[in-house]
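Labels run A, B and C following the written order; every chain starts at residue 1.
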């Protein structure tokens, strides 16, 4: 019977990872080292509805480039992040505008995602402290309930994040955003989990605003490549302005 | 009648003491009138400045805009609204504007701003922005995409005259809009909020920037005085009762102004109460002394058949004479000094820098004298004196004749 | 019925210790009397005058004046009574300093509601009668002591009271003025039937009274005829 003991121990260790591990794994599952792809984003408000098509390049943790390809009015505009600096390009005025830090928490292109959400400057493992608050099930998936509280020096406006992370592969199924008073502001849900390259990935994200009823944004990935080397010359302002 | 004669002559029996008391009352009253006048003048100045710098006396929007502003909430039936405005009594001018927000950027820097789209000739009938220009020019319909920015914004963005400035906004249909503007003028309004965060562009440019077609956000009215606010508001409310329009007076748009005035008034009343208390002590002393000195006389009066009630009346009548004399003198001094200062004005520009940081833009104050103020102050003084005199009067009436007669 | 009827009147007042000012006084005074209360100081003669004058209330017994019992009246009622029925002359400081002689005379009629013209007429007439008409506009501080007392008497009788009470009216006057005052009082008593009750310790004054009410230690002593009594 003794030979079973190591197996039991190993199994139980695998059964209960600590909160920091969960956070780290979740972050890695969503990001990888680099990401290159295309997506379409539909913004719904009580007054209007708009769909944007975009291409994006991420080289974590410092570089981001997003370029809008449709519709015509916004085509050619883009967002570039290098470290903690962010720029936007408007083809209509042919100008690159620097986005001040104060606007990082403003909505990106009118959606329910903020500049920070999309530029991904803040990082779950490094900027938050974590704890696991039980388990739950989302659509049949057993999930950890990960509670993330921002560290005091992190430039984050949220009071708390709650992530429901899939036990099997640490992909998030849901992320709840709470303000400093503990009020739920918005909820991000991840579904349509499919194979993308060598990993599973939720191909559809939906951000629903709780504070502003009737506001939600759907992000659907049409192509996605992980950890491919990003060609040189992508992450600079000249590339931001280049016509295509 | 004989009692009034007695009261009057009793009062002047001790000339110096009475004069001193009358003077005390008069100075206290005069001080109160002057201070109230200065306070009122100051408040009026503040309101006037705010009204003329930005907000106007009345603002009209789609109902619900003030509580929760958004680009989609534009004025319903703008033609009807404009017609009603033109017929409003006490109207001096009005402006129909487009309001939105956005990001203003130069090569070096960006800042979030509030955008106001105006028709320059209309706007100048309401606000004084056109007179606050320190560099360049006021907007003109003939210019090509001009923008007017505040001095502080110009420093933050390092945007000078003729520089190009990008305005990036989210339009009414959700799309991102951006346009290039040229700095036509720089203004210094004295209000830090305006100078730092508000930009003016042509209304037509604003409508195209925000994809608003010909819709408008706000109508602002300038009236002949703040007293006209209520009648004008009532007129518009009646005229536009069928339209979902909100008609907001200046104190709803800028409640902090009203709150500040109320706070200031509260301080004033506290000071007045203390002042009155001090004066009352003096009056009480005077009346008590005059009663004490006449105990024997009151004894004789009572012996001859004067009833206690009549004794009270006599003492009160004496107090009335003193208070009226003090009130008349005080009113003359108070009114005179207020009118004098009103014509010269009090120049606060030495302290202007600190004051404007808190949003106070009045620099030369003209105290005002109102009948209401004068009447209220006089009434207060007379009442206080009468109240104070009651105690000695009742004491006198309760004297027992036998003991009073024994008094020296 | 006598004008003044006191039966079994006593009065104690407190001056650190209780002092029995009067006890068991029974007294009648007829209309038209010219009487004086006499006795050493502390005998109660001022207290007696105060009670008859309705300036104070007795502890026991009753005080009736012109048939009205004033022993239990309220201060306001007593004031009203004094106004309508009595006149007073004090030893000094009778007149109101801020009023003229004429106005002093008008005071009580004014309290009673007599119209101005009537008041002035009666005051003028009385001043003429007393030969003091040229004093009418003078203030009390412009009059001599004797003049002041005579004006005080005029003021007391002007409203035609039932009884005039005078507490030591000549005490501050010299003998010449005292005589003048008593002459006036006596004349008024005889010609206008004004009843006088005054107190005194001056023998010369006592001799002028037609009736003496002697008091000693708060009680009535005997004697109704004037004689050469020591105070």
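Operating definition for what follows: a residue touches a chain if its C-beta (ideal position, glycine included) is under 8 Å from a C-beta of that chain, and two chains touch if they have at least 3 such contacts.
Note that the structure is predicted; figures quoted are calculated from it, not measured.
Distance from per-chain Cα centroids to the pooled protein Cα centroid is smallest for B. Greatest centre-to-centre distance from chain B is found for C, with centres as Cα means.
Centre to centre, using the average C-alpha position, chain A and chain B are separated by 53 Å. Once the centre of each chain is set as its mean CA position, chain A and chain C turn out to be 113 Å apart.
A straight line joining the Cα centres of chain B and chain C is 68 Å long. Under the contact definition stated at the top, not a single residue of chain A touches 2 or more other chains. Against chain B, the residues of chain C that register as touching in their complex are 50, 53, 55-56, 75-76, 79-80, 82-84, 86, 88, 90, 93-94, 96-99, 103, 106-108, 110-112, 116. Residues 1-2, 5-6, 9-10, 13, 296-297, 300-310, 400-402, 405 of chain B are the ones touching chain C in the complex. Across the complex, chain B is touched by residues 43, 45, 47-50, 71, 73-74, 77, 88, 90, 92-93, 95, 97-100, 102-103, 107, 109-110 of chain A. Of all the residues in chain B, the ones that touch chain A in their complex are 72, 103, 105, 108-112, 166, 168, 170, 172-180.
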